[in-house]
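Below is one structure, written out as C-alpha cells, with a few remarks after it.
Labels run A, B, C and D following the written order; every chain starts at residue 1.
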Amino acid sequence: MATSFTVGTSPNLPLGPGFSRDVIRVGVIGYGYWGPNIVRNFQGHEKADVVAVCDKNPKSLARVRRAHPEVPVTSDQMEVLTSTQVDVVAVVTPVWTHFELAKLALENGKHVFVEKPFTCTTAQAEQLIELADRKNLKIMVDHTFLFTGAVKRIKQLVDDGTLGALYYYDSTRVNLGLFQHDCNVIWDLAPHDLSIMDHLIMAKPEAVVATGANHLNGHADVAFLTIYYPNNLIAHINVNWLSPVKVRTTLLGGEKKMLVWNDLEADEKLKVYDRGVQMMSGEAVYQQLVSYRTGDMWSPNIEQIEALKVEASYFIDCIRNNKRPFNDGEAGLRIVRMLEAADESLKQKGRVVQV
Amino acid sequence: MATSFTVGTSPNLPLGPGFSRDVIRVGVIGYGYWGPNIVRNFQGHEKADVVAVCDKNPKSLARVRRAHPEVPVTSDQMEVLTSTQVDVVAVVTPVWTHFELAKLALENGKHVFVEKPFTCTTAQAEQLIELADRKNLKIMVDHTFLFTGAVKRIKQLVDDGTLGALYYYDSTRVNLGLFQHDCNVIWDLAPHDLSIMDHLIMAKPEAVVATGANHLNGHADVAFLTIYYPNNLIAHINVNWLSPVKVRTTLLGGEKKMLVWNDLEADEKLKVYDRGVQMMSGEAVYQQLVSYRTGDMWSPNIEQIEALKVEASYFIDCIRNNKRPFNDGEAGLRIVRMLEAADESLKQKGRVVQV
Amino acid sequence: MATSFTVGTSPNLPLGPGFSRDVIRVGVIGYGYWGPNIVRNFQGHEKADVVAVCDKNPKSLARVRRAHPEVPVTSDQMEVLTSTQVDVVAVVTPVWTHFELAKLALENGKHVFVEKPFTCTTAQAEQLIELADRKNLKIMVDHTFLFTGAVKRIKQLVDDGTLGALYYYDSTRVNLGLFQHDCNVIWDLAPHDLSIMDHLIMAKPEAVVATGANHLNGHADVAFLTIYYPNNLIAHINVNWLSPVKVRTTLLGGEKKMLVWNDLEADEKLKVYDRGVQMMSGEAVYQQLVSYRTGDMWSPNIEQIEALKVEASYFIDCIRNNKRPFNDGEAGLRIVRMLEAADESLKQKGRVVQV
Amino acid sequence: MATSFTVGTSPNLPLGPGFSRDVIRVGVIGYGYWGPNIVRNFQGHEKADVVAVCDKNPKSLARVRRAHPEVPVTSDQMEVLTSTQVDVVAVVTPVWTHFELAKLALENGKHVFVEKPFTCTTAQAEQLIELADRKNLKIMVDHTFLFTGAVKRIKQLVDDGTLGALYYYDSTRVNLGLFQHDCNVIWDLAPHDLSIMDHLIMAKPEAVVATGANHLNGHADVAFLTIYYPNNLIAHINVNWLSPVKVRTTLLGGEKKMLVWNDLEADEKLKVYDRGVQMMSGEAVYQQLVSYRTGDMWSPNIEQIEALKVEASYFIDCIRNNKRPFNDGEAGLRIVRMLEAADESLKQKGRVVQV
C-alpha cells in the first residue's frame, strides 16, 4: 500500500498528523485540460485538501509541481485509488476510463467525483450507483454548468413561473474543434445541454432523434438532436466541431416570457423578453387571429462566482453532512441514457428512439 | 371578356395603343404583404407595365390606388386571368391558391410568376410544368433570395472552389410570428433555405428528417430539418415562429474555408474564415493528431441592388429572349418535394424520408 | 402672381374649392434627400395637403411626379412663397438659403417649417423669430430626433428622475460621408445631438470647446465638441465623415442610473443600467473608498412610429390651435448659437468660447 | 545591508550560488493589481529569476507565497533596492512613488522596469533618464499594449503603407471605475493610447486640448483629449470612469484604408476597411464631387501571445545584449509630457497647450 505519492524530485509532504480529520482529502486522477481547475478548486476549499494528483504523462505532473509545489504527484492510479489517506477520488480522465476508475474508488471506500459524461453505458452507470448506495458513498457527476450564475438564474425563472409553461429549449453549441478521438461531437458537447435540460425541465423525455455527419475522423463532427418531452415541449441541440465561429446560445421559449442566454457575453448573458403570441379564434377558419406581445427586455444581473468552486464546495458539504447531491449518479445516468439513445438514432440516420 | 379593370373611382387607363408590344404587360393577383414589392418592381422596369392589380380586399385596392394611381385595379381574378391585355400573371396569393390560379393563367396563354412555395403538392407542380411546356410558356418561382448579393457571392465562392468540398449548411431562421393559418413554419420559412441549398449544392438530396412541435394553432411553429446529401454533406434548418429575437444566420462549412452569412447585418453580411481542421494519422490510435488552421477573416463587399428588381428584370429578359429561368417550375418542384417529405417525416416524429 | 404650379406635363390640379379651409395647405421648397419624407408625411396627414413642390432640378421634379402624380410642381420658388393657396412653407433646402426663403415666406404671411440647422447665424435666427412673432406666424425647426420613440423615452427617464442628476452626455455620430460642400461636419451632424441635449437638459450651456481637422475639401471632416453645463454636467459630441463604420451611440450618465442609446439597433435601442459609483470617505486620504453598484439592465420597449409623421402632425396641430411648438424658432436659435460658438472655437484650435 | 528577504514564516531561499550569473535577478516592488502578472512573467522567463517581492500589505505578501512559494518576500523596499542579489528592480507601485523608487534603484546600480505612467512630472523623468545614462543602466517603461498582437499588427499596417497617410486616431476607453484616489481618469487610462500613438505616429505632437469634469472625488472622471499632429493628423481620446459599459475601440483613418480595433473582441479584434473618400473638383463651387470607395473588409489574424511575456523577454534581452529598448525612459517622458500638458489644458477648461 502506498503511503507517499512522490515521483522524481517532487516534494514529499507527509500525510497524516498534518491533516485534521475535519478536512476531506481529495485524490485527483487526470491532469489534462480540466484537471487543473479541479485541483485548484478543491485545494482552495478550506475544508478540503488535494493530497495527490495522478497522471500518466510526466509533463502533466511537472505542471502540477509548478502550480502546486505542495501537492504530491504520482503516475500510478492505484496509489490514489487504494490510499488510506484519500477520502474522495476525482476522476478527470477520458470517458471510457470512468467506469473502471470509479468502480475501483468505490470498492476502496472512496466517494467519487466524476467528469461528465458519467460513463459509456447506462449499464455501467447503474452498476456504479448500486455500488455507491450499498457502500453508502457519494457520487457527484461534474455537470459544472448547473452551478453557473446563468443556469441558477434560469432555474429560478422557470421554477417561479416567470417564463410560464415551456414551449422549447433550443441550444447552439458550436466551435472549431477540439476533436476527440474516442467519441463523437454529441458525447463531447451535448452533455452540457442535456444536463441543463434535465435540471430545468422537471419532466422525463419521451424520445430522441439525432442526425449528423462525419467528415474527418470517423466520428460525427456535426450533429443535431431533437428531444421530445410531454406537453409539446421540444428541445433541440446543435453541436458542431467544424464551425468557424464559437457560439454558445440557448433560446428558451415560454408561454409568458422568452429568454436568450448567450454564454459568450461578458455581461448581459441572460435576456428575458416580454414577448409572446396569443391565438384568438374568430368565427371562420380565415379569421383565426394572432395577437403578438412585444414588451420590454430585461437582463438580470447574475452571480459571478466560478461555477466549479461552488460545485466543489457543494460536494464537500454533501459528504460532510451526508446529503445526496442533485447531480448524483442518477443525474449522470439520465444523461448517459440520452446519449445512448442519440447514438442509436444517429446510426439509423434519425430514427425516433424512445427513452 | 373584361377589357377594363376599373373599380370604384379608380382612374380608367385605356389599354392598347398606349402600350407598345415591346413592353411585357403584367397582371398581379394578390396585394397583401409582398404584392406591393412585385408591383413596384415590374412597374419600375422599362420594358414592363403592370396593367392590372387584383385583390379581393377593397382596402388592398385602395392601397394600390394611393401608391400607383395609374394602375387599374379589380377584385375579379378572372378579369386578369383572361384579359387579352395581359402577357404575364404574377400570382402573389396564399400557397393553396397557387395551383388553380397558375393553371388558369397558363391555360389562357399567360406566362406565370408564382410566389414560393410553388404549389401544395408535387403532383400540382408537375402538372403546371407539363402545361407550361406544352404551351411554350415560362414559369418563374419567386425564390427571391437567389437574387440577393449575398447568395450570388456565396454561389461564386462555392463554384470557384474557394470553400472547397462542402461539409455542411446550417441555417437558423427564427423570429416572433408571423403565424400562418394555412401552413406550418416549415412551409413558411424553410423554402428560403431549401431554394438556396438547391442553388448552391449541385447534388440531389437523399433523405429528410424533420422534427417539430406545435403550441398554438395546430400547425408546427418550431421545427428542425436535416437533409442528407451525397458525400457526407449535411444540411440543417432551424425554423421557429416563437423566438423572441430575429435570427437569420447561416453557417457553411467547407474543406478549405468556412463562411458565416448573417443577413441581418447592414454591412459585413458575409464573413469568410480561413479556418479548418486536418487529420494526421499517427501510428497508434491515441496518436491521431488534429491540426487546426486559424487564419484571416475576410468580408467581401456585396452588391446592394434590390433582389426582386434583379429577379423581375431577369424574368422579363427570359420571356423576351425565350430563355428558361434557372428558378423555373422544376426548381419550384424540387422545393415542394422537400417540403412534402419534411411534412411526412414530421408527422412520424422524425422518421427518415427518402426523396 | 402664380395661381398654378404646373410644369411640363404634370397634372394641373385646381386649388381652391376642392380644398376645405379645414385643411392646412403646405408648399414644399426643396426635393433632394429629405424633401420626399416631408412631402409624404404632410400629404399623409388628413388635415394637410401638399399643394406645391418646388425644386430647381428637373430630375427632382420628375421624382415628385412619379411619387405624387396629384401634386403640382414648379421650379420657381416665388410661386410657392407668394401663392395665396399656401398656408405653410416647408424649407427643405441647404442651410445657407434658409434665411432668405423663411423670411420671404413669413413676409408673405406663411407659417414656416425649416430644416435644421435653422439659419447660418444667430442674427438671422433672431430676425426670423421677431418677424414671425410680429406677424403671429409659427416657426418650427425640423429637429426630427426629438419626435423619435427613443428620445421621447429618454426624456421621460430624465424628467421622472429615473437617471438622477445627470453627469454627462456623450455621443458618437460617425460614418463615411456624406460630405457637404457648404458646411463642416459639425453643422452637418452635431445639430442632432445639440437639439437632443437642448431638449433633455433643462439648463443653459456655459461654454463650448471644439477641435477638429480637415483633410479633403477645406471643411472640418472630423470634429469633437465639449459643452460645459452648470453643476459639472459635461457633454461631448464626436462627429466624423471619415469613419469606415457607422456609429450612432450615446451614453448618458446619471447619479442613479446610466443609459446607452444605440440608434442602429433594430430592437433594444435603449439600455438602462442600474450601475453607479458611490464615494465613502474614510479617515485618511488613502482610505477613500469607492463602492460600485452593478445591477440589472433593462431595455424599455419604445414606440415605433415614424418621427417625422409625429412632428408633421404636431405642427399642423400647433397651427390649427395656435400653440407654440417646443421646437420653435427659439429652439432653433439655441442650436445655431452653439454651432456659431463651436465654429469660433474650432478656428482657434479649441479655445473655450462662452455662450 | 539585507541579505535575505524573509518575512514572517516565508521560506528563506538563499541567494547566491544557486543563481547563475547568466540569469537576470529581478526584484519586484508592489504586488497589487498588476504585480502578479509582472512576477509571473519574469519568473516564467528561463533567463530571469524573481529573487524578491516587496509589498507593504501583509495580505499581498500572503498572495505571493501562495502563488510562488519559492520566491522570498519582504515588506521593506530598501532590502530590494540595495540588495547585491538584484539586477533589475520592477517598480509596480502607484505613480507618485515611481520617481523615488526608480531613482534609488538606479543609484544602487539596478536596471529599472517602471509601470506607466513613468513619473508625475517631466522633470522627474528627465532626471531618471540622465541618471540611467550616466550609470549605463536600462529603463523600460511598461507600455504593455505596444507588445500586443493587435498593436504590432497595426504598426505593420501603418509602416508598410497599407493605411496610407494617417488622417485621425480616435479612441474610446471607458468603463465603470476603477476610481484612483491619487490621479484623474486621464492619467489612469490615457497613457495606453498616448503610448500607442507615440509608437504608431512617427511625428511629434504639436498641441493638446483636454476637457473634462469631476463628479465624485475631486478628480476628473470623464475627459476628452484632442492632440494635434503635423499634416492635419488629429488624435482624440475619450476616457471615462462612469460608463455603464466597457468600451475599448479605436478608429484609425488613413488615406488608403481605415481600421477599427475593438480590443474586447475575442477574435476579429482588427478590421481593415477598404473604404475612403476622394474629392474631384468640378468647374463651379457646387460641382465639387465626392467619390466614395466601399470595398471589402479584412480581419487579419493576430498573434495570441501574452503581451507582458513578450515585453519581459524583450527587457531581459535588452539588458543581456546592451540594447536600448524602444519603450525606454525617453518614450516614458514623451507620454508624461502629454499628460502634463493635458492637465494644464484641463485646468483651463480646454485651452490649447503647445507641447
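Throughout what follows, a residue touches a chain if its C-beta (ideal position, glycine included) is under 8 Å from a C-beta of that chain, and two chains touch if they have at least 3 such contacts.
Please read these numbers as outputs of a predicted model, since none were measured by experiment.
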C-D against A-D, pair bridged by the larger set of C-beta contacts: C-D
Remotest chain, chain C as reference, centres from CA atoms: A
Between chain D and chain A, distance of the C-alpha-averaged centres to the nearest whole Å: 41
For chain A paired with chain C, centre-to-centre distance based on mean C-alpha positions, whole Å: 55
Touching two or more other chains - residues of chain A: 245, 267, 294
Touching residues on chain A, where the partner in the complex is chain B: 167-168, 170, 172, 174, 176-179, 181, 207, 209, 211-217, 222, 224, 226, 228, 232-234, 236, 238, 240-245, 251, 253, 258-260, 271, 273, 275-279, 285-286, 288, 290, 292, 294, 348-352
Complex contact set, residues of chain C against chain B: 69-70, 245-246, 264, 266-267
Chain A contact footprint on chain C (complex, rising order): 267-268, 274, 294-301
